[in-house]
Amino acid sequence: MSSLRPAKAGLRTKLFQVIFESDSRLAKGFDVVLILMILASVAVVMLDSVEGYRGAFGTLFYEAEWVFTLLFTLELAARLYCLERPLKYLTSFYGVVDLLSILPTWLALLLPWGQSLLVVRLLRVLRIFRVLRLMQFVGEGRLLIDALKRSWHQILLFLFAVLMIVIIFSSVVYLIEPPEAGFTNIPTAVYWGVVTLTTVGYGDITPVTPLGQFLSMVVMLVGYSIIAVPTGVFSAEVIRSLREQRYSNEACPGCGLDHHDHDARYCRRCGTWLDEETEDPRLSAREDTDT
Amino acid sequence: MSSLRPAKAGLRTKLFQVIFESDSRLAKGFDVVLILMILASVAVVMLDSVEGYRGAFGTLFYEAEWVFTLLFTLELAARLYCLERPLKYLTSFYGVVDLLSILPTWLALLLPWGQSLLVVRLLRVLRIFRVLRLMQFVGEGRLLIDALKRSWHQILLFLFAVLMIVIIFSSVVYLIEPPEAGFTNIPTAVYWGVVTLTTVGYGDITPVTPLGQFLSMVVMLVGYSIIAVPTGVFSAEVIRSLREQRYSNEACPGCGLDHHDHDARYCRRCGTWLDEETEDPRLSAREDTDT
Amino acid sequence: MSSLRPAKAGLRTKLFQVIFESDSRLAKGFDVVLILMILASVAVVMLDSVEGYRGAFGTLFYEAEWVFTLLFTLELAARLYCLERPLKYLTSFYGVVDLLSILPTWLALLLPWGQSLLVVRLLRVLRIFRVLRLMQFVGEGRLLIDALKRSWHQILLFLFAVLMIVIIFSSVVYLIEPPEAGFTNIPTAVYWGVVTLTTVGYGDITPVTPLGQFLSMVVMLVGYSIIAVPTGVFSAEVIRSLREQRYSNEACPGCGLDHHDHDARYCRRCGTWLDEETEDPRLSAREDTDT
Amino acid sequence: MSSLRPAKAGLRTKLFQVIFESDSRLAKGFDVVLILMILASVAVVMLDSVEGYRGAFGTLFYEAEWVFTLLFTLELAARLYCLERPLKYLTSFYGVVDLLSILPTWLALLLPWGQSLLVVRLLRVLRIFRVLRLMQFVGEGRLLIDALKRSWHQILLFLFAVLMIVIIFSSVVYLIEPPEAGFTNIPTAVYWGVVTLTTVGYGDITPVTPLGQFLSMVVMLVGYSIIAVPTGVFSAEVIRSLREQRYSNEACPGCGLDHHDHDARYCRRCGTWLDEETEDPRLSAREDTDT
């Protein structure tokens, strides 16, 4: 959120530090309270969907929901108040998630009585998306995210290849197996293929003919083997990330290049002696010959 | 496709660049349109197999299929036209796949009326194999394919060993379990063994005796542990591929140290200029000051 | 257990060496007997819960249980006797586990006749927790535990992210799927989500609508791909642990090169004697020839 | 099999080279024929267990089995004939497997008529163990076997820990779940625990109470995360094996130590200059100062 600049006034600066930064003790406390509130409100939404609990504690859930909504609304107002360009925040990813965490409850209020059950149900479940607010805290795992970013492209190509394998095998099994076994059409067969290749194996659709079972075994063994691909790519990237942490942080005094190996004595780009505290042995050698 | 040489004529050269290469904007656009068309036509084949959709949109699917087939035929004709040795392409892997993506539809037309349902169904499903045309685009993931090529042999030996383990355990469980549990013959028991060892676990056949359940647990734990083998082999190969990409193969002419970064110009140990064909800029700089 | 100091008396010191250390043959024998006894007593508890065996061998199990309890009690008494600060041990993790392995049996004796079945059953099963006593022997795998400790934080963040993904997807599938398919409330949907994403795939709850099946496929492919994350992080840490074990931390006094093998005595780059506290044997050899 | 020494006679030496070695073309041909025969005979045993095929091709299977048995017997005789100490081979692992691949068929002949069905069935299935003969060919994957040998100890400790986790969780779920859900005794609960933790997920026993489902989710997530452990350990060992292949094979001319890094110029144990074709720069440096 480096692009957001705090407003100048004292209170607003203070608020900005507490809400958006996490250096001071107050700011850390704010983060902890926020995380707990998000978790609690998500728990309420989840329990509220269980008929038994809803019957027993319905009113309590309703009241808790309003308390959370009011607090989240207040927090969003504070966030917008202490920023110089509040609209920019509102249209950012985190701003949209903030809105999403309070809108459904407010909308339910605005809707006329006797609203269709579907809309009510939808609004109720939508509240659970406030769990996404936790994402900014998960984002701390820089190592994971760096490795994910770098292996993203390879893993996507891999998933693409997986889908091709699944479509081919599923179509053949669809041809072989009778519809009574559950392979009624190709999309369902592809569903079975993904269930099998990813080794989930629900067992709601299973092959019954010997040839179908043989092909299933091939799909299983392929799935069991190629899981090595995303794992291998990602492992390699994590190892690379870890290693780069271990590169020396000092830049070349000559040309400014960094990421030198720890045992490097000369800059690999401009040949400058890296250790500023001692003298380059080439210099002394030359002086020797000069004299 | 380096072995394919374009025909000389201007239009043919132009066509060759658009269809077979991907440097120009037009060629890239052609690739994108082709990918989208393949995906769309595969989607039509898949939806066409769902009875509900077929009843409602059957005619639309039929027409779309013909549009795709005509376009793919046109494209194949263009491909063959712009090559000097079209037959060589037709007998290559990609040529066969190109043919496979249009033949079923044309064959269905040629077949006499009242054809057996099986053949019709077969031809219909065969059209889905045009998804294989996407393979040339997946092939870009050179890193994955290099690593696969090098770990291929080890992973095959691994699958061979897996099958031995499965056959031995399955035979013993077949002896122990009553046929009512589903273990009616050894091939079925092997099917159960693969389902279990690969951790798919459909649950269509499960052991019911205590001893059978105990042996199942052993198979599960073996499967859970040895998945480490293909993963480990492949990870090691990806890491090797990544490392080799990063280091140049040339050694320092001064001290012989190798494994320099690709952008290295000076040896990181003795500071010698690495590129033997040009002169060290430091030398010329010194000469300047000397004069 | 370095914080525990043995009592001074001869017998107590002897006991301490046998029970808490594992250098002498007697101490190793004690460890083996203890492991076997723990395994045997856990087996008895497990078999005792099978109705058939309980009917046939109930009395035998009862007697064996008392033999084990008395031996474990004696052992705990010996442990406390030979320590200077027995209370400190009793309140440590291993002390609590020791208590847990004998308390249920003694408590069952103290309880008045006609105790509720639930309490009796609870006490019976609690005895199985003595399997935790084996933990001190598993703890030997220092490599694994070191790597676990260092990757712990990243794997927790990963599980956190997994739960967020599961909650979001499960809620959407809960909205789409009819309650008859088993998606009766959000907690149950989350249960389904975890079953699917971890590729367990019981199949007790499965989607029945095409859209629900499509979303399931997405969840499966996500689960199949992101298993790479904990694996990659942990692999990287194990590799780091192995490497650190293999290299000494001391640098060459001659040229500063580090990462020498543990058995290295001369720098592999400049041939300098690495151990600064003793003299290079080559020097003394030359002096011999000089004189 | 380096401990086996061939007999001296010409024919016997020739036979030894063909059967036990694999350098000549004849020996390689022998290996291929042997592998195909083993696979074919295993296939016959498997198909023979399918009632349908047995009815149709029973006599053919019977005859094929005798052909295979006679050939395998002949081969074993040849093996024993060309060795100096045949008994030593017969009592080795491969000798026992060779015997196992022919004994069941011969035993079935010796048994009196009207033998109990169980014994007949046992002998029939035992023949499938001849698949173990393939193991000597799988053994070629030296890389895998080296890595397995070195990670064996860690993976065993891991499985030990897994079993502890399973027993603890299973006992608690056994306490919580009603027997109607299938958790009738602790061994069955442990079976469920292994099915769940290894992500097999048959679904033959599944929790039905909310608390039981919650604990299941914990077990699934643990299983999903700790699969990283064997994978990480094994990956690290494969990477180490690959790296060691890359160590220089030349030994130190001074003390004979090998496994030097490729960039090593001095022996890390005795400080001797490793490159025998050039002169040690230390020597020339000293000569300079001497003069």
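As written, the chains take the letters A, B, C and D, and residue 1 is the first residue of each chain.
One rule holds in what follows: contacts are C-beta pairs under 8 Å (C-beta built on N, C-alpha and C of every residue); 3 or more make two chains touch, one makes a residue touch a chain.
These numbers come from a predicted model, not from an experiment.
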| item | value |
| --- | --- |
| Same vs different contact residues, subunit C with subunit D, by half of numbers used | different |
| Remotest chain, subunit C as reference, centres from CA atoms | B |
| Subunit B-subunit D separation of Cα centroids, rounded to whole Å | 29 |
| In subunit D, residues with contacts to at least two other chains | 158, 187, 190, 199-203, 223, 227, 231, 233, 235-236, 239, 263 |
| Interface residues, subunit C side, partner subunit D - complex | 42, 45-47, 49-51, 121-122, 125, 128-129, 131-132, 134-135, 138, 140-141, 143-144, 147-148, 151, 155, 158-159, 162, 187-188, 190-191, 194-195, 197-204, 223, 227, 230-231, 233-239, 242, 260-261, 263-271, 273, 280, 282 |
| Residues on subunit C engaged by subunit A in the complex (per definition of touch) | 154, 157-158, 160-161, 164, 167-168, 171-172, 174-175, 184-187, 190, 196, 199-203, 206, 210, 213-214, 216-217, 220-221, 223-225, 227-229, 231-233, 235-236, 239-240, 256-259 |
| Partner subunit D, residues of subunit A touching it in the complex | 199-203, 231, 235 |
